[in-house]
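In the two assemblies presented below, subunit A is common to both, partnered first by subunit B and then by subunit C.
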Partner chain A sequence: MTLDTRTTVRARTATITLTGDVDAASASVLDEAIAAAAVSSPRRLVLDLNAVDYLSSAGLRCLVFAHQRLGRGVEIVLAGAHPDVAETVRLAGFDRVATIEDQVGG
Partner chain B sequence: MTAHRLVVDGLGAPSRLVAGFVSALAACAGLPPRQAYRLRLATDEITTNIAVHGYRDRGGPVDLRGRVEPEVVRVCIEDEAPPFDPTGHDPAPRVAAGPTAVLGGYGLFLALRSVDHFAYVHVGGRNRTTLCVLRCAAGG
Partner chain C sequence: MAVTRAMLVAETAAHADELHRALTASGFDVRRARPAELADRPALLDEPDVVLVSAALGLQRVALLGQRFAGADKHPAVLVFPEDDPGALEACVRGGFDYVTPPYLPGLLRGRLVSSHERGQLVGAVEAMATMASLHAYERDLGIAREIQAGFLPEHLSVPDGWEFDFRFRPARHVAGDFYDVFEMVNGRRLGFVVADVCDKGVSAALFMALIRTLLRHTADNTSAWNLMDAAPGPLAPGGGSLPPALGLGAGPLVQSVVSTNRYLARNHLRQGYFVTLFFGVLDPVSGSLLYINGGHNPPLLLRGTGERVPLRPTGPAVGMAADSVYSLGHARLDPGDTLFAYTDGVVDARSPGGAPFGTSRLHDLLAPHPPSGRELLEAVDRALADHVGATEQFDDITMLALRRAG
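Presenting the complex of A and B:
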């Protein structure tokens, strides 16, 4: 499955809505979306994961990239992650740098 | 007992081929979704690691064989890259230093922890990594 992204920026919150799998074949798509969102200097980056069924270590590296690109002061939120995806994030300790929320705006 | 096989050339990210392979295997075994996800994750991470680091993106054969057994689903992955034992390179200490402290190692970290049994042997000039998940996971 390919990965599609849609980005909206409102009140200095950039929301990237993902549809598909985040794996080694598709992670560059997310990196590009993060780089584009960073141009607006957001204070908060929300990744809407409701339509993401799979996230591998390539997706975790995107989160590292986001953290480095946006800087420490920017909150990164993972919203609507499926339980398996959330478990992968927690297993690797990424819940220490990103906030996991049940839903966008939740 | 049913058998599935996938051979990839180790060029580019094999994630989608692996996804289809594990999906078919999981369906055949009637694996619960969580077990199927874990098996896919470990198989994807190991196969991608072989392509990127073992063959250094120059390609080489990666032979995946899946088997449904009464208690477990087993995936055996063989490659001809230089010998590499993932169990001897657990990146846990580096990962514990903080998720933004390191850029690499998450793939092996996840693979080693996603399955119920992980084994490695170097035999006949090939790396052989075996991944197993229980068909009915204890505790879900």
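Presenting the complex of A and C:
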């Protein structure tokens, strides 16, 4: 299982598009993408999860890491998450920190 | 080791012939090959102690050839020799290659090749030692982490009459931060138990797990038992009603330990992205009443003797995620014949050789409503897990707990 990320920054919104599974083996890939996106000091971080089938607790940790790294003022949006992925996010209570949206820009 | 076998690699014969004669005269067993032949017959690569490559091939091809000759346990010396273009030789020498130039006098040639070979062996030995050393350091770190982790798991479980506690704890090779704990609370009138998953791996996770376990236990031990109304920050979940005082015994320490651990982690370890999902239960062994806080953890399942399956869903977010998180108390009751099954996500995340996770629904299917014992329940899950993962390396810790009230 691998994970690919693609990042675009527009008008202080950084969008990371993920393709693959986010698990313990691939979490570092997402960490690096988040760290790289943080450099542009975005006001909003959108993670496009349409092409993510699976998110483990290690993947969840990336999201918490993103929240802590970017600071309170930065909105984190999880867009297009599959039902299982959204459930993982809700179970851990991360939906209190991030906004879950059906689609990017939705 | 005697240096006896030389390999000459060149496209053309002219200059190589002269070198060939000198090598034979200085006692070498000489083989010759064109670069294309080496690609066709890889066995040739295993033979030589020294390799002499024509500089006319160019630095890049010389370097590639050198890499092909270097095996896992052998480092033949690779030298270059000039053909008509001294510039080509100079490029290779600047690129780090040792060299020989005419006139090729057998005694000098042999001395040069032997010393080059010995230097190569030494470099190889040092590289191997460096690799071993870093491997040892890594293994030592793992050993330390495992000891920390093992030292913080309960040695003896004091289980009240009429109850069974069964555990599975299988750390992954990389040592993640799962832990479980069982301890007496409120002067032995309540039994506290924790199943938790620290979201990290390695030594730092083991240290972090030790910290969290200590914070939870210490606060639970040092909070007075009765101050539920002072301590509870939110309403009871799921009912929302208040508990009679006898039921609420242990609620104060439970809430305090989770809330203060959360606050401590969120304030002090924010930058590291650490958090922990946990299920902390406080059992009254006499009545079967169970108070709990589920901080973002996979819902444990209460398997009723009646066949009903009740998930004990989160009553608050993962611990350490935000300093102002609110935790509610959950309440359930274990009647005779009921079993509580709690686990960490190493169970549902376990991958098959094809990469498919074990999954929550498969786990739920396994949890028959009437397990004959907690031990057999865990064994059944273990067997299904082993079938699923096959020879795949276990990536995450696997922890399971079965708490059963004898029926």
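The working rule: the second predicted complex is superposed on the first by the 106 of 106 C-alpha atoms of A that agree within 3 Å, B and C clash if a C-alpha of one lies under 4 Å from a C-alpha of the other, contacts with A are read in each partner's own complex, and residues count from 1 in each chain.
The rule is simple: a residue touches a chain if its C-beta (ideal position, glycine included) is under 8 Å from a C-beta of that chain, and two chains touch if they have at least 3 such contacts.
Note that the structure is predicted; figures quoted are calculated from it, not measured.
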| item | value |
| --- | --- |
| Combined model on subunit A where subunit B meets subunit C, clash or fit | clash |
| Which superposed partner A:Ala51 touches (first subunit B, second subunit C, both, neither) | neither |
| First (subunit B), second (subunit C), both or neither touched by A:Arg69 | second |
| Touched partner set for A:Arg61, first subunit B, second subunit C, both or neither | both |
| Which of subunit B and subunit C A:Ala35 touches, first, second, both or neither | neither |
| Contacts of A:Gly93 with subunit B and subunit C, given as first, second, both or neither | both |
| Which of subunit B and subunit C A:Asp23 touches, first, second, both or neither | both |
| Single subunit C stretch clashing with subunit B - from 23-31, 329-337 or 347-355 | 347-355 |
| Intersection of subunit A interface sets (partners subunit B, subunit C) | 1, 21, 23-25, 54, 56-58, 60-61, 64, 67-68, 91-94, 96-97 |
| Interface residues, subunit B side, partner subunit A - complex | 12-13, 15-16, 19, 33-34, 37-38, 40-41, 44-45, 48, 52, 95-96, 98-100, 103, 106-107, 109-110, 113 |
| Footprint of subunit C on subunit A - complex, ascending | 1, 21, 23-25, 54, 56-58, 60-62, 64-65, 67-69, 91-94, 96-97 |
| Subunit A - residues contacting subunit B, complex | 1, 21, 23-26, 54, 56-58, 60-61, 63-64, 67-68, 83-84, 88, 91-94, 96-97 |
| Residue numbers on subunit C that touch subunit A, as the complex places them | 197, 199-201, 270-273, 275, 277, 295-299, 313-314, 316-318, 321-322, 325, 345, 349, 351, 355, 357, 395-396 |
